[in-house]
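All chains are identified by letter, namely A, B, C and D, in their written order; residue positions are counted from 1 within each chain.
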Amino acid sequence: MQDNNKSPQKKGFDLKAITKTKGFSAFTAALLAIVLGLIFGFIVMIFANPDRAMAGFRYVIFGGLGRFGDVLYFATPIMMTGLAVGFAFKMGLFNIGASGQYTMGMFFAMYVGFMWDLPTGLHWVVAIFAGMIGGMLWGFIPGIFKAALNVNEVITSIMFNYIGMYFVDMWVQSNATMYIASKSCTNYLPSSVQIPSLGIAGSNVNFGIIFAIITAIILFIVLQKTTFGYELKATGYNKYASDYAGMKGKRNIVVTMMIAGGLAGLGGAFAILAPSAIAGSSMTYEPINIIAANGFNGIAVALLGSSNPLGIIFSATFISHIQRGGTLANLVGFKPEIIDVVIAVIIYFSAFAMIMNSTLAKFIKTRFGKKGTVLPNANSETKEAK
Amino acid sequence: MDTVFYLIQNMLPVAVPLLLVALGGMFSERSGVINIALEGIMLFGAFFGALFVYSIQSSGINPQVILLLGMVVAAVAGFVYSLLLSFASVTMKADQTITGTSLNMMIPAAVLLFSKMFFNSDGITTNVGFFIRKIPVLGDIPVLGQLFFQKTYLTVIIGFILLIITVIIFYKTKFGLRLRACGEHPQAADSVGINVYFMRYAGVSLSGILGGIGGFFYSVGILDGNISGHTGVAGFGFLALAVMIFGQWKPMKILFAALFFAFLRTLAYSIALIPFLNDLGINQTYYKMLPYVATMVVLAFTSKKSRAPKAEGIPYDKAKR
Amino acid sequence: MENYIVEMLNITKEFPGIIANDNITLNLKKGEVHALLGENGAGKSTLMSVLFGLYQAEKGEIRKNGEVVKINNPNDANTLGIGMVHQHFKLVEIFTALENIILGVEPNKMGFIQKSEAREKVVELSEKYGLSINPDALIEDISVGMQQRVEILKMLYRENEILIFDEPTAVLTPQEIKELLKIMRGFAEEGKSILFITHKLNEIMDVADRCTVLRKGKYIGTVNVKDTNKEELSKMMVGRDISFSVDKKPMKEGEVVLSVRNVTVPSKLHKNNAVKNVSFDVKAGEIVCLAGIDGNGQTEFVSALTGLEKMSEGSIVLCGKDITKSSIRERSVAGMSHIPEDRHKHGLVLEYSLEENLVLQRYWEPAFQNKGFIKFDEVRKYAEGLIKRFDVRSGQGPVTVVRSMSGGNQQKAIIAREIDKKHEILVAVQPTRGLDVGAIEYIHKQLVERRDAGKGVLLVSLELDEVMNVSDRILVMYEGEIVGELDPKTTTVQELGLYMSGAKRNTVKETNHAG
Amino acid sequence: DDGTYEIALITDKGNIDDKSFNQGAWEGVKAYAEENKISHTYIKPEEASDAGYLAAIDLAVTGGAKIVVTPGFLFEVPIYEAQTKYPDVKFILLDGTPHTADYSTFETKGNVASVLYAEEQSGYLAGYAAVTDGMKNLGFMGGMAVPAVQAFGYGFLQGAEAAAADLGYADGEVKVTYHYTGNFEENDTNKATARTMYQEGVEVIFACGGSVGKSVMSAASESGTKVIGVDVDQRYDSETVITSATKGLAASVISVLDSIYNDGWANYAGKTSVFNASNDGVGLPTAVIGDDKADAFDRFTTFDKAAYDAIFAKLADGSVQPLRTITVADASGVATAEELTSALNLVKVSVTTR
């Protein structure tokens, strides 16, 4: 809903109008939150090791720049799960089940990778689609529970994170082609099913990131420009009104959850089908009864990107960037968990940065601006997620 | 018969953390604040409880006293941590789900960071034996004594006491009435002079206290007093959320839901004791899924009529109508 | 200087972008009923909320018995003996009546509620003032009338002496209104002072001693009711003359457009059916009014008619097409427009802009989308046209977020949308609820215009004046059944009231229209 | 202090306190480095894949590491790459030998020391001790069916069989409940599984899966039963631990590090060294830390140091050679009771799996 509120005087590049849009205030709010989160991280570093805090912090901030390929590589799956969470958010659905959908997608992609013999060039494409279908399946279930039975999707998603993970682990372990018991992880995928690399030295970054960005742009267009996006957001804001307007609310819930699941499933496929820097090797999966963390990272990505697909491109890249920096900070003795804390703090602040922002703006305006101007109303934005 | 006793004795230490944390969630949500952060609050409470136990374990104090003190520490920790949620979602009117999610993300990382920095470990390992073989006198009561007062943890008894206190506070006091009003219709509460912000702080704080205690009880009853940032509380905070919804935001139904869930979870790993199930030779993975699947089935049947507190999730703004 | 129990002096209260109260002064005498009159958005509720401590004024002061007081919250108001029945009831639905009454002032021993003590006092009060309630019934189960009595008991329970009623009659039946006005008079005679907000001038004439008029946030004046009349009051309120009767040309009856047969709808609240075996027709060019006391199945009937809910039996034919099982969208396409009862819940997406709301029923039409892509330029053009034609006022035109618009203009937007959409029947449910006389006049004109354009109109209304003035034919609904069919030209308000209260009925078969 | 590190340990997917490879190896690194004032650190890979492990090695080398310690067979392929990529860096690969991803080439270059352990011997000693001590109902709870865990388990069964034969037990008189938990964690489900075994009458469980041991100990302390620890001496973790089937992770890391700093690198360079009974690389603990006079076998009723020394000698001189691997049909690596019984020639011991 950010951008179809084109300002009435729409011609030309109007900076003032842009700074008044919700998109802009979401952006500045995210920025404010990031700054606060980083300051917090710096303080923790100073506590942990004052001598090296500066060096460590420099790594966190700039370290990722030197590893841009890796930044994009690790951004790929969380961008997809971020889109999965954010897209459902637009319809007022909290898809905490991206994790299970991701795992399912990963399994479906792997299955095609191991069990189907397809020509190079086609194999990985089919596997990617299989991943999408796996994720869609696992998104469909909470969708149908919500639409047909009115079961809260948060609970269903949580439950199906576990159920999906147990299924996948069981399926993997009982398949001799896929699973190498002696390593407690999956076999190497054939190279025909690995996504072509982008060829950046020392990094696994591959076409997955390009697909992820294209997907985000498509979603942006769907949300902003199409009747489906219009219906989706209307349902998110007011499901009664969308019923009244004859929109098929239940169908839209199921479709949205399937799309969200498909996105997360693609994330899983992109992750497992990534090429390996080592010849003959590939990505592997360990069926150790653990819920995929990338699903939960997707929530952070979506929140920081305020559920806007374009915002999510940036938030995923940013989060990956400081994660890479955090790994580098490891070199000067800082535990990489510091980054996870920093990210959490950023999300925490971003939850009310919009309000801090407008309070700040109000303060500045009442102190220095002229009286009586209408302030951008931030209240409605904070309600958006639910 | 032995098997039944065994299952119940085993189930209770699992059920109690679920029960307490779900009750905490109930306080928070009935005051109008969705508390997704229960998982984080549990881990925070468990961590400080375990840290306390660790620091006092060589003092020779009676383990049950240590447990009680640890419980207080965990309660305080949970309370303090929950203030982050109430500050953001009540004072700053932030989105409650987002805030809760960020709090869940923060804690495992912070625990790992802290433990690695100070213990070079993922968490804290303690060595106090909290297990009670038999409580004198009470343990001799036929059947009941065997079920509840033998081979147990003090956590079970405290859990039930806290449940009773909760029911009384919730339904019999003016505090409870006001709290429930804030979750349903905060404007109405405001119009009769109730401080909605305060009540919501109170609701979230109670969930912090119960969540912290629940986390510590998880650590005591299941992890032998240990805790790790890596495995955390194994999703019990989320399960408690499910238990709360399953229990329709009402204390006695929550008790039932917690017992149901814990029973299935225990059963899944005790199949070998139950000959007819064992003979079926079903892949154990299916039993592992059982609690989750069963919860879904139950929710599918009950959710049509279940009713969340009306105002939950909506930040209260005095100036807005 | 006279002795006032409450003086609100030079009150100014601003909201972002609007001055809701601009230097308003209001004085209340002890033992009087003081009416507060003004258009929608004039600032009445705001002023009363300031007095009740829900808002704090930026400027001005409040005096009680001549002394300056600070009212920071409802507790302060309560201590000063000020109580308020809010425009939108402030009752907790899942609590009992008793719990709602004592909420905030619970009699307790060490925090434990003493319910029996409270119940005694409530029963005593309700008997004394004739406010019958069931203290143990849940609010969600009782009628609106009883809910209001609970609200009043809330004030009495707190022993308030200054009672504020914000539009209490908007939700009541004629009988209930009469009852309420009597009770208010009783309060005044007992020495309590009453502030009474209403849009209905008759009520002011009936019950009030004095009346203060606000317009657009400003104070216009205070008059003694016995020295004035309705016309003068309404002129003060809107700044121009208002005609109270609706000009209508004689009806030109056409084909049957809507035919309802044996419709039965189950109730959500109880085991019985909410709508029982209802049959009638609506012809092109006539306004049929479904009258009745709130809660007699009108809402459920409309839900079934428009497809929001399922019906258990019966059939509906629209322009010859059976739409009994059709979806909402199919009904809409077949020619049904619907002005919903609850504009915030159903009628609008408050977070959407005005233009997005104006195409809520039509965004999927080829005119506004191409292969699934919305044509935003067309939407903008269309919205601008509607806004101009229907004079929908808002801050930023088509891009205004609807949430920020006033209730009256929100309603206008809905009416514009539903009327401009291609339709054969217009279902209008309480289209004027809570609106000021100016807005009401406008909406009535639109309904009549539809009728004259040869469309069928089904109006659902609780307002007797509206029913009598606008409709060509009246169907009275009582306990889910149609108990009478009346002609507004030959019937009286009194007779209509008898039907509505179930005291009288003529069976459907006797009438010539329905089958 | 220039912020660089000379010795770097890369953890595998587990964590630094996993009560297993990572922890044991890290303890070795730490002990040696602290004593000799050498800068050291550990690094957690960003991704649990061959490429991810190699990236972590890259990072360590970038950070100045001269010696990289990598615990676990998961590093076999990454080290194969790294040994060529960083010829000047020395690698200590525990529990694995470098090879290519397709297993076509095995090569341990001169800058790599590869270390293996005879876990089956350690497990054998544990099983032998438990049955000799009079226990007839044993349990085994492994983490996942990876080679090290399997070897411990198979050794355990063979040790039990040998002791039962020595004691002249009837066929099938010793019962072993054999189980892999599927994870290496401490949680309520592992505890419930252990409790169930104890409830069925199991007297001692050989807990062979990192943190799984904590859950088993917790269950044992509730039911008043016993536990056999793994990898390191776990008697200090719980009263219930009667002994531990150790492998000298820390000790082996220390010896290799020591060889590097004291001109003995040639002893390990470019080859695979096996730590077993003959070089004291595996065994049950024979001393209690901090108390020279204490008896490390005090938690047994009859089994003692003398009995231990006797059986240990047989392993050391090679007269007893327990099997390390057997053929398992199931993809998950989980052997059936029949497979175990026939492959390990179990007669006195009857196995049930779960």
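Methods note: a contact is a pair of C-beta atoms (placed from the backbone, for glycine too) under 8 Å apart; a residue touches a chain by one contact, two chains touch by 3 or more.
Chain by chain, the UniProt names read as follows: A, B = ABC transporter permease; C = ABC transporter ATP-binding protein.
Everything numeric here is computed off the predicted structure, so don't read it as measured data.
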{"item": "Third chains touching both subunit B (ABC transporter permease) and subunit A (ABC transporter permease)", "value": "C, D"}
{"item": "Contact pairs, highest-scoring chain pair", "value": "A-B"}
{"item": "Furthest chain, CA centroid comparison against subunit A (ABC transporter permease)", "value": "C"}
{"item": "Mean-CA-position distance for subunit C and subunit A (ABC transporter permease) (Å)", "value": "45"}
{"item": "Distance between chain centroids, defined by C-alpha means - subunit B (ABC transporter permease), subunit D (Å)", "value": "36"}
{"item": "Averaged-CA centre spacing for the pair subunit D and subunit C, given as whole angstrom", "value": "77"}
{"item": "For subunit C, residues contacting two or more additional chains", "value": "none"}
{"item": "Multi-chain contact sites of subunit A (ABC transporter permease), meaning residues that touch two or more partners", "value": "169, 289, 383-384"}
{"item": "Residues of subunit B (ABC transporter permease) touching at least two other chains", "value": "116, 288"}
{"item": "Pairs of chains in contact (touch as defined earlier), listed by label", "value": "A-B, A-C, A-D, B-C, B-D"}
{"item": "Footprint of subunit C on subunit B (ABC transporter permease) - complex, ascending", "value": "172-175, 177-178, 180-181, 184-185, 187-195, 307, 310, 318-319, 321"}
{"item": "Interfacial residue positions of subunit A (ABC transporter permease) with respect to subunit B (ABC transporter permease) in the complex", "value": "44, 48, 94, 145, 149-152, 154-156, 158-160, 162-163, 166-167, 169-170, 289, 291, 296, 299-300, 303, 335, 337-338, 340-341, 343-348, 350-352, 355-356, 379, 382-386"}
{"item": "Partner subunit D, residues of subunit B (ABC transporter permease) touching it in the complex", "value": "6, 10, 14, 116, 120-123, 125, 127, 129, 131, 133, 151, 222-224, 226, 228, 230-231, 234, 265-266, 268-270, 272-273, 284, 288"}
{"item": "Residue numbers on subunit C that touch subunit B (ABC transporter permease), as the complex places them", "value": "15, 52, 54-55, 73-75, 78, 84, 86, 88, 90-95, 99-100, 103-106, 108, 111-113, 154"}
{"item": "Residues of subunit C touching subunit A (ABC transporter permease) in the complex", "value": "16-17, 306, 308, 327-332, 338, 340, 345-353, 356, 360-361, 363-364, 369, 372-374, 376, 395-399, 401, 403-404"}
